[in-house]
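Before we start, here is the structure in question, set down as structure tokens.
Chain lettering (A, B and C) follows the sequence in which the chains are written, and residue indices restart at 1 in each chain.
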């Protein structure tokens, strides 16, 4: 066991992947000499050389498109998209090519690309640096989408993503890059597409992923002071979603709150709520609630505290499903 | 000026034609006026007052930029992308524009914004995080900065297509960096501009770095060489020579106004600071190169030239010093005084027309804010 | 004045930085933006420019120390006091991620009705006050599906309870798990459970009215084998009630006065209290409280005619009787010392008294010693009545149903919740004037609960 920040754990996972498979290579802007703008790839270029750690031209579509060609030639490219908001120039290559090539070739071609994308807000930055675009990709058949919430998962899930023969979008919760945790570099990981119950409870199921898992655990801790027992689930995988774990929990608690930073409309919370309503209908004591980013462009830094779900907004929704007084009590517009 | 498809298209040409790659220069790095048959006439109208005004602009913008960097270090700005070292490229080109020309820039063009009339504190609103936008584009005929690399080149081209349709002789200018030339958008913009003969100027500040990547990652040949392939003539100009930049810009503007279409300018300059205040150039920069460029500082060079003309008297120096001190002081106070926006403004300006879904969310959120301690602050 | 400066977030969400070296010492005069320290973040080594002009008065951290964003690092004596940061800390100003602390996570306070923003809340459009259902009669259902949750539907199905016949007690007419359980356990018998009892028209959504064309023969057939008359002995609660009523009506000269009032304010207040406390406060409890308050000014209403000793007994306490319809008949258990109870306690006391009575567990002690009573006849849908005194008491107040109806309100006709109170009193003890004034006072409190403050 060794204590690592989440960013360093990802770096350790990359190093291990480069060591274990000489067909793994890293591509991205500023990942070489600089070590990436978040220093995740610090030192890897010196260790593995410029053919395996490639500072690419400033062109996201180029990065992903050439990674596809490398895949045809048997390479496993791990591409870094510098910030969430910079992924859109590569959108066409991702959804029209990466996602569909295996099907288009009747399974003859695998596209084992991993796209690393720092995502999410609450870092006080400027436009395009705080977005949560996961729903676009989870919606696209052919892509796997995962996101770790802690250093151990960051390390293990990255290695699994790189080893997978499917393309995996690996969203990194950048506001948690400096969160420290014990990492067992030899740990046998749980399956990549399994969710984890990170805190058990009996009254409400609180479903979170990535950067908001820590907030959800805090919310559960605070709710315990009011004798509300919250079960927190870290989804880890967003496509597919481990609905068995979700279903077991909701059938136990009868109440569910889903949280994410991405906007509410068309977000994953809606999909999760729909499946829960289908599979847990007769266990539901209250309608599933969502606590999400607002349906607006990610706001300027001084407003982001209002955009990013926090403990209080989560517990307000918990109050709603518990039938306790909440901000919408008496709200006739519902 | 290079025009059209040139003799440089021999199939065996892989090395760079060194002489042709020498940028246009009217001032040597030590401030000595270099004669140019082709370009002298484009700046001969500049009076002493004009020269001193250009000088003051460059000094004030550098001071402002340094002040903004300091404010970021002091926690007053979230982030800041310094323009240090690029003052000549920005002031020289922007001062060649007419009011009715329209500018689309990246996020480092503080000198351009200053010349267009943007208030200094307005330039810092987005970096302080108090607003989505620092100014109204139509009041200064300059769009607010594009952060997505290269996207604005297409916008400028489209604006120029509109000018064409209006029968006007205004010009659209796209400012971008060397890194942006790798983006598909920039190449697509040149294709559109060439195909439609749009009155647009592609003004590339090659500051040698895209964050940590030297320009060599984006291109082997000079960037200016790329445009002729699109049938867009290009000029490679010394970006630290404010006179040469202004001359080249005037040439390009004249072409555009005359209906001859787009021009590509590569202003060869140097990013003397970090990419942004979050960056650490010590990890990648070449110290010898940095020193070499420090000797080509655009302000020192112009200062030496003005001195040689006997224009920098003590009273001029004092007045410029007073102007930069005053600008810095007023800017610092105004920046710190920028207020945090009210919470519910988060819902403003998402749509131009009423939107039932957003209005409902706004009402619910307002109910939440009035319910939670401190919510309305 | 000494001004502290804290470690700023030097870039995109960093939470800590190492202070590598100080370029200044305590006592040194520094200029604005003069580099004072070298700081290494996870991303860069940067020079920290002085945010102020002044003298360094303290350096809080040693070189080599890792400092959390937001922790103070240096103090200045300012050259120009006007430079002092106004109201906000010079650090962060809302930037950066939440600094992770070991503090236990806590919620912010809630329920503040801050006035800074336009009040978005829309007052409940319509609150048909579910007046305390003392009786066992299920309330008529609104049209449309019964409002309840999926697990309660499943419970009802499992228990064979027809949700359409269950009295909802949840907010906005929601049928709760307890409602279904109560229905299943027989305290509120449902037709599906006791099919031998024909559902009354009011209870069953599936009730079909007889065809108009039905002949006498058909009707007779439909009547089936039901006996033409059924005789049962007079006993138990029925006998006790009968005796009490006879004793009351024959032994006491009784008179009844009426007042009709706009109780919208009380209905609103009840709604607000329910939302705030979650407690099932209702109009009956409000009325009970109003009676106790008003009695303080009208002691004769809380007295007794003692024929035996030829004395009038004025009670210094209120044992408040509440008429409860139980499966076995009418009972009037009382709440001892009800005048001492808060509204919340009153609410609980009434609920528990009614529950106890309906379950047949009322003790004889609870049925004696009352000093004044209330009967909530509104639950049966009637507007008013002339209640009969509980023997030994000077007054009984009947509460009619609160109906939404046109009423004068601020000079205009508006739809208001209107209710009639009727008070029967022992005319030996109480004159018409006293009875009327008491009733008007009770009515005034219900019309405007704020009036209660004047009775304290």
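The rule is short, and it goes like this: a contact is a pair of C-beta atoms (placed from the backbone, for glycine too) under 8 Å apart; a residue touches a chain by one contact, two chains touch by 3 or more.
Remember, it's a predicted structure, so these values are computed and weren't measured experimentally.
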Chain whose mean Cα position lies farthest from chain B: C
Chain-chain pair with the highest tally of contacting C-beta pairs: A-B
Innermost chain by mean C-alpha position: A
Centre-to-centre distance between chain C and chain B (centres being mean Cα positions), rounded to whole Å: 64
Length of the line joining the C-alpha centres of chain A and chain B, rounded to whole Å: 36
CA centroid of chain A to CA centroid of chain C, Å: 43
Chain A: positions in contact with at least two other chains: 37, 124-125, 301-302, 312, 316, 327, 331, 333
Contacts with two or more other chains, residues of chain B listed in rising order: 78-79, 129, 278-280, 340, 343, 363-364, 367, 369-372
Residues of chain C touching at least two other chains: 9, 12, 43, 93-95, 108, 110-111, 121
Chain B-facing residues of chain C, complex: 5-6, 8-12, 32-33, 43-49, 51, 90-95, 108-114, 116-121
Residues of chain A touching chain B in the complex: 29-30, 32-35, 37, 55-59, 61-62, 85-86, 88-89, 124-128, 264-265, 294-297, 299-304, 306-307, 312-313, 316, 326-328, 331, 333
Complex interface listing, chain C residues touching chain A: 9, 12-16, 42-43, 93-98, 100, 104-108, 110-111, 121-125, 149-151, 153-154, 171, 271-272, 275-276, 278
Parts of chain B lying in touch with chain C, wherever the complex brings them together: 66-67, 69-70, 72-76, 78-79, 129, 274, 276-280, 282, 340, 343-344, 363-364, 366-367, 369-377
Of all residues in chain B, those that touch chain A in their complex: 78-79, 125-132, 147-149, 179-180, 182-185, 210-213, 217-218, 278-280, 283-284, 340-341, 343, 345-347, 350, 357-358, 360-361, 363-365, 367-372
